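What follows are several structures.
Next, two complexes with chain A in common: one pairs it with chain B, the other with chain C.
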Partner chain A sequence: MPEIFIDGQRYEFEEGDDRGVLQFILDQGKEVPFFCYHPAMSAPANCRQCFVKAGTPVKDRETGEFELDENGERKIRWFPKMQTSCSLGMQDGMVVKTQESDEDVARAQKDTMELILINHPLDCPICDQAGECPLQIQTYKYGPEGSRFEVKKQHKPKRVELGPRVTLDAERCINCTRCVRFTDEISESHQLTIVQRGDKNYPIAAPGREFNDPYSLNTVDICPVGALTSTDFRFKARVWEMNQTPSIDITGGKGTNVDLWTRDNLIMRITPRFNGEVNDHWMPDAGREAYKRFNENRISRPAIKLDGDNQSKTSWNNAIETFAETLESHKPEDVLVIGSPHASVEENFALMKVFNLWGVNNFKFAPHIEEGAGDGFLITDDQAPNTSGVKLLGYEESNDLSSEVSDAEIVIMLSDELIDRGTLSKEDLKGKFSILLSTNECETAAVVDLVIPVTCIAEHAASYVNVEGRIQRSFPAKETKYKDRSLDLEMNQGRLDRFGTNFDNWVTEENKVDCVPAWEIMNQLADRMGLEVKFGQSREIMEEIAGSNPAFENVSYERMDNEMGINLNTSNKQEATA
Partner chain B sequence: MEETYEFTKEDLEEIEGIKAKFPEVMPATLPTLWVAQRRFGHVEPPVQRLVAETLGLPESHVHGVATFYTQYYKERKGKYVLDVCTTTSCQLCGGYKMLHYLEDKLGIKAGETTEDGMFSIQSVECLGACGYAPMMQITNDVYVNNLTEEKLDKVIDSLKEGEMPEFESVGMPLLENINDK
Partner chain C sequence: MASDWKSFEPVLIPDIPNLDKIDNYIKNGGYKALEKVVKGSDWKPGDVVNEVKAANIRGRGGAGFNAGLKWSFMPPADGGPRYLACNGDESEPGTFKDRKIFEYNPHLFIEGALIAAYAMEITTIYVYIRGEYYSWIKMMEKALQDARDKGFIGKNLFGTDYSVEFEVTGGAGAYICGEETSMLESLEGKRGYPRVKPPFPAQKGLWGRPTTINNIETLANVPGVINNGSDWFKSIGPESHPGPVLYGISGHVNRPGVYELPAGMPVMDLINEVAQGIRGGKKLKALIPGGSSTPVLRADQLEGVSMDSDSLREAGSMMGTAGMIVMDEDTDMVDALWRISHFYHHESCGQCTPCREGTGWLEKILLKIKNGEGEIRDLDLLLDLTTQMEGRTICALADAAAWPVRHTINRFRDEFEARCKKSVHAVA
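Take a look at the complex of A and B:
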């Protein structure tokens, strides 16, 4: 097997491995500073930060043997200049020295950094990127202490609105061209270019054109400095004040892996999380807007229609009591349960199980598809994150929900804004007793007889099956009234969470919503109605599903976490062929 | 209303010829921008767009290329564009002095155009004639070398008459002559 020596240590690589030396070094858990290189895009080697020394062993042409020096070591023919490791291919026997083992390399990197910083404004204290800035981090680790350039810095455009979502500060730009390459190679909108030259250049769209690429905000993530910022997020929160929780994009069927960034129990922003099987490093801009749903217009405490059409807030006890009494005054045949592609597998399962036990066998759901909305990349026609999941649980797909509703007397709906999205009309629900388990205020919630607030994806651990049949799960990121970050092992703590108490002025009690997971509501209802069922944590619910539904065989949270999701189709297919 | 621009049939034929010279379209950007500038006198954004459409390339790419070179006029210029070199050699030999002399003489700053539309001044990077510093180029054409204030006066006077100065060719020292020394 071919070998390569990095800082005196021998590594092997496969024949035909086309990783550059930099990527190989990073994959070994070692480090070389870099800016312009990005693993998903071409390597133009323009920042010159990733310098290493490299050489190849000298071979005798006749014998093909390595030539040895007087100490019996292989003779190395060094490249005459330092090489950019990002664009340097690996060769058998190659010897590489990084800043770890060679002072010249460390010095070269330091000098490059000094050049890169000549016109950089060094405004880290007011820069959004601070705390997650490769330029800041690498200057701290590898850069010079000061600068020999004492001339006036070059001024460039600031606060340029490149498009509806991205704002440019050209002075901070180090012209790595990552953003330009993103629009050329990944989103293929070709909307950005570098203009001018030398110390005056910066990226921008063509004159009179907007940078409105539906993936534009990914450039903010990959910009290695604070030049590109999110117009929505800028100046809202410091990186180190937030905690970061893995989750899934709920605005489409792709199951894009994301991180939710929380401060004081508000989701401040959503960024993509790498998953090579699903979304690579990217996500659509639309998915990032979902954070608003998690914070705003939330339903807190149950509400009930008492007189006429006016709802008023009520207690949990009263809500459950009303729920149970309504059921008890009817027969199971009168009940229609509408599952939701917008809710998780566990929630849909819990509903089905409890009502099934009571005797209901009318379980329907309406897919939320917008034909033609998809782009073959990360945006799908499917507007919901769990259409496949509801189907696999046995909910029957219905294209005419209003006639189903007209045949029922009690309609129980799970987290789905059916009236808002035009599947049902207000008239459909007239004369029925309608119950909605909902996360947000919406038209649907406004007209039903009983509204029960449930946790959203940002508040519970639950699983969602994407359009390709891949099951992936979320973690709780936001506390509800009944959750405590410091006691829940699934929850992360940011600096403010760790050191804050309820009496600190950075802790806002109102940010916690008075809601509970749907399965806990089912527990209370079952308990009140004397049904033999008790759900534990969502992790245990998934175990139960895996044990009872062949489509979910061998699925567990542990496997989902270790394998970054499980493709249900392939595991089934394997079984079929085995 | 934004002016609309169109290439003539001859222009389009020429552009086809340019495209045929390269395996890909992208390298045709530079010569096509020249065709456009020759036709319209400038490559303002609508012209850049026309070039992009004609070549089937992203507008952003054409814009990037056009802004890289001072030789492409991203806005309308005077009849004569005086590109005064201010890079190292010229700078050391008085490039800025020449530039400022011109600015004072014509009453405009670098980057501006005289009101009568006759002259524009630009401060540009090295034009590869460092041996004859300080120097300038007129409208992407004739080089005027070894500038002095008197020489500039003369050049401006003759340009006002509508006369381009002669191209001053400065020969390479011949090999024999070097060997003789």
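Take a look at the complex of A and C:
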């Protein structure tokens, strides 16, 4: 097997491994500073930060043996210049020296860092990137102690709105061209290019054109400085004030892995989380706007229609009592339960289990598909995150929900804005008793007889099955009225030592929504109706599903966490062959 | 050779009127070499490569690499497209020789390029001419059309099955597009950014296909080699760097201009006899021998130096493009260096950090010194910066910017120190 020596340590790599030396070093858990390189894109080797010394062993032309020096060590032919490790291919026997073992390399990296910084504004105190800025971090680690630059900095355009979502500060730009390469190689919109020459250059869209790529905000994530910022998020929060919680994008069927960034119980932004099997490093812009749904327009406390068309807020006891009484005054055959591709596997399961026990067998759902909306990349025709999951649980797909509704007397709906998206009309629900478990205010919630607020993906741990049959789960990122995050074991806590410190500012009570997870509502309803059901945490619900539904065999939160999601199709196939 | 240059008969720009007219060119033996290799059965493509290799035409674009050897790096033809890209972007300050060929003898270059294409089994030739040479681009278009009309370009040359196309592309005013790989980018319609090598153009050049890039003057030497043989070529000038060279002499001389003379000309002969001495009877102070990026030489370093790569290397400089900038005793070296640095700052493409930031920094410090606001430590900072830039970038522009600074300061240090502030102020 070919070998490579990095800082005197021997490593092996596969024949034909086309990783560059930099990527190989990073994959070993070692570090070489870099800016322009990105593992998902071509290596332009333009930042000149990842310098290493490299050489190859000298072979005797006739025998093919390595030539040895007087100490019996292999003779090394060193490249005459420092090499950028990002663009340097690995060769058998190659010897590489990084900044850790070679002073010249450390010096060269420091030299480049000094040059990168001379025209950089160094406005970190007001820069959104501060705290998560590769330039800042690597300057601390590898940069010079001060600057010898005593002349005037180059001035360039500031606050340039490249498009509807991205704002450019050209002075901060270090011309790594990651954004340009993103639009060339990943989103393929080719909307950005570098203009001007030398220290005047910066990225921009063609004259008269906007940078309105549906993936434009990814350039903000990969920008190694604060040059590209999100127009929506800029100046809203400092990185170190927020908690980062893994989650899933709910605006499409792809199941894009994301992080939710929380401050004082509000989601401030959503960024993509790497998952090579699903979304790589990227996410569509639309998914990032979903954070507003988690904070704004939430239904807090149940509401009930007492007389006429007007709803009024009511107590939880009264809501559950009304729910139970309504059911008891009807027969199970009168009830239609509509599951939701917008809700999680656990919520849909809890709903189905309780009503099934009571005798209902009419479980339907309406897929939320917009033909032609998909782009073959991360945007799908499917507008819901869990269509496959609802199907696998046994909800029957219905393309004519209004005729289903007309046959029922009680319609129970789980978080799905069916009237808003035109699947049902207000008239369809006339004369029925309609109940909606919902996260947000919407037209549908406004017309039903009973509205029960439930937790959204940012508030509970729950699983979603994407269009490819991959089950992935969320973590609670914000508290509800009844959830104390220090007591909720599913809750991602960021830094444990934050609790009780001055920096932990989760204090604004209004930011907590008065809602509970759907399975807890089912617990209360079952309890009131004398049904033998008791759901524990969502983790236990998934264990129950895995134990009872063959499609979910062997699925657990632990496996989902360890394997970054489980493909239900292939894991079942493996079962079959095993 | 040094003494017999006076009897040298120019071959690249001979003293024949209206040579740019194709009929006139043909009348004077033009396109014979092309016919000889394409039609003649004793000239296989490989034979042409070997003949040119033997002639040791050192690339006239500045690097001085054996042209025939470069041709031999092309992989065997695989039926796919391959390209010859002719570099007429000459933009280095002090260099204006290819212009002379475009203007006075365009068909010599065209013939040379066609022979090169035949030798490497190439069917498409591009000539890239800098955008500022607008009228020469137009003249080249006309010359190519004339050659096409006569059947020297197009399908089935001389009734053989060899066909070739030849196109002109104009640059848009960027020095960096004279760097061979950014010229390829520019030809592809992209921004002129040098490419990371490897892969080299012979493996992956224009549109990812095998490509050879040659300077205009280099190619213009090819027909002579074919007509008269490599031995004839090697008999002109020194053996290590043979052939006729277009010397572009500018600066403080009485008769600046482009002169065709053998390689290896004694520098002092070029200045004093060919260019007829320093203007106003002044004394020579310094010479930049091969375009602004080549290190400047003091007058006392020019003793016995001749214009070939070996002699110039020994003296501490380079042959470059043989664009000689002559400076008289009144020249302000600080000012001259600042002007050169200004050029590289303006022309850095901005791709690599050391060049993008370094060229600007160099210029700004030099401006400070020029304005009498510099300090001695600024000189050391300048020298330090040159090491931070040299060899640290994708292409050689950073080197080209760093060398003049390093060598001008080292060779004229007292002049720079005299311009700095007298007192050294304390560093807090």
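The rule is short, and it goes like this: the second predicted complex is superposed on the first by the 562 of 578 C-alpha atoms of A that agree within 3 Å, B and C clash if a C-alpha of one lies under 4 Å from a C-alpha of the other, contacts with A are read in each partner's own complex, and residues count from 1 in each chain.
One rule holds for everything that comes next: a contact is a pair of C-beta atoms (placed from the backbone, for glycine too) under 8 Å apart; a residue touches a chain by one contact, two chains touch by 3 or more.
Fair warning: this is a prediction, and the values are worked out from it, not measured in the lab.
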Checklist entry - Fit or clash for chain B plus chain C once both are placed on chain A? => result clash
Next on the checklist: I'd like to know which partner A:190 touches here: chain B for first, chain C for second, both or neither.
Outcome noted: first
Checklist entry - In the superposed arrangement, does A:206 touch chain B (first), chain C (second), both or neither? => result first
Checklist entry - Does chain C touch more residues of chain A than chain B does, or is it the other way round? => result C
Item to check | Partner chain(s) touched by A:227 [first = chain B, second = chain C, both, neither] | outcome: neither
Checklist entry - Touch check for A:111: first (chain B), second (chain C), both, or neither? => result second
Checklist entry - Touching A:154, do we find chain B (first), chain C (second), both, or neither? => result second
Checklist entry - Touch check for A:454: first (chain B), second (chain C), both, or neither? => result neither
Checklist entry - Should A:95 be classified as contacting the first partner (chain B), the second (chain C), both, or neither? => result neither
Checklist outcome for this item: Going through chain A, the residues touched by chain B and also by chain C turn out to be 193-194, 196-198
Item to check | Residue ranges of chain B in contact with chain A within the complex | outcome: 45, 48-49, 52, 58-64, 67-68, 125
Checklist entry - Okay, in this complex, where on chain A does chain C touch? => result 43-49, 51, 80-82, 84, 87, 108, 111-112, 114-116, 118-119, 148-149, 151-152, 154, 174-175, 177, 193-194, 196-201
Next on the checklist: Which stretch or stretches of chain C touch chain A in the complex?
Outcome noted: 174, 176, 191, 196, 345-361, 364-365, 368, 381, 388, 391-394
Checklist entry - If you look only at chain A, which of its residues touch chain B in the complex? => result 183, 190-198, 205-209
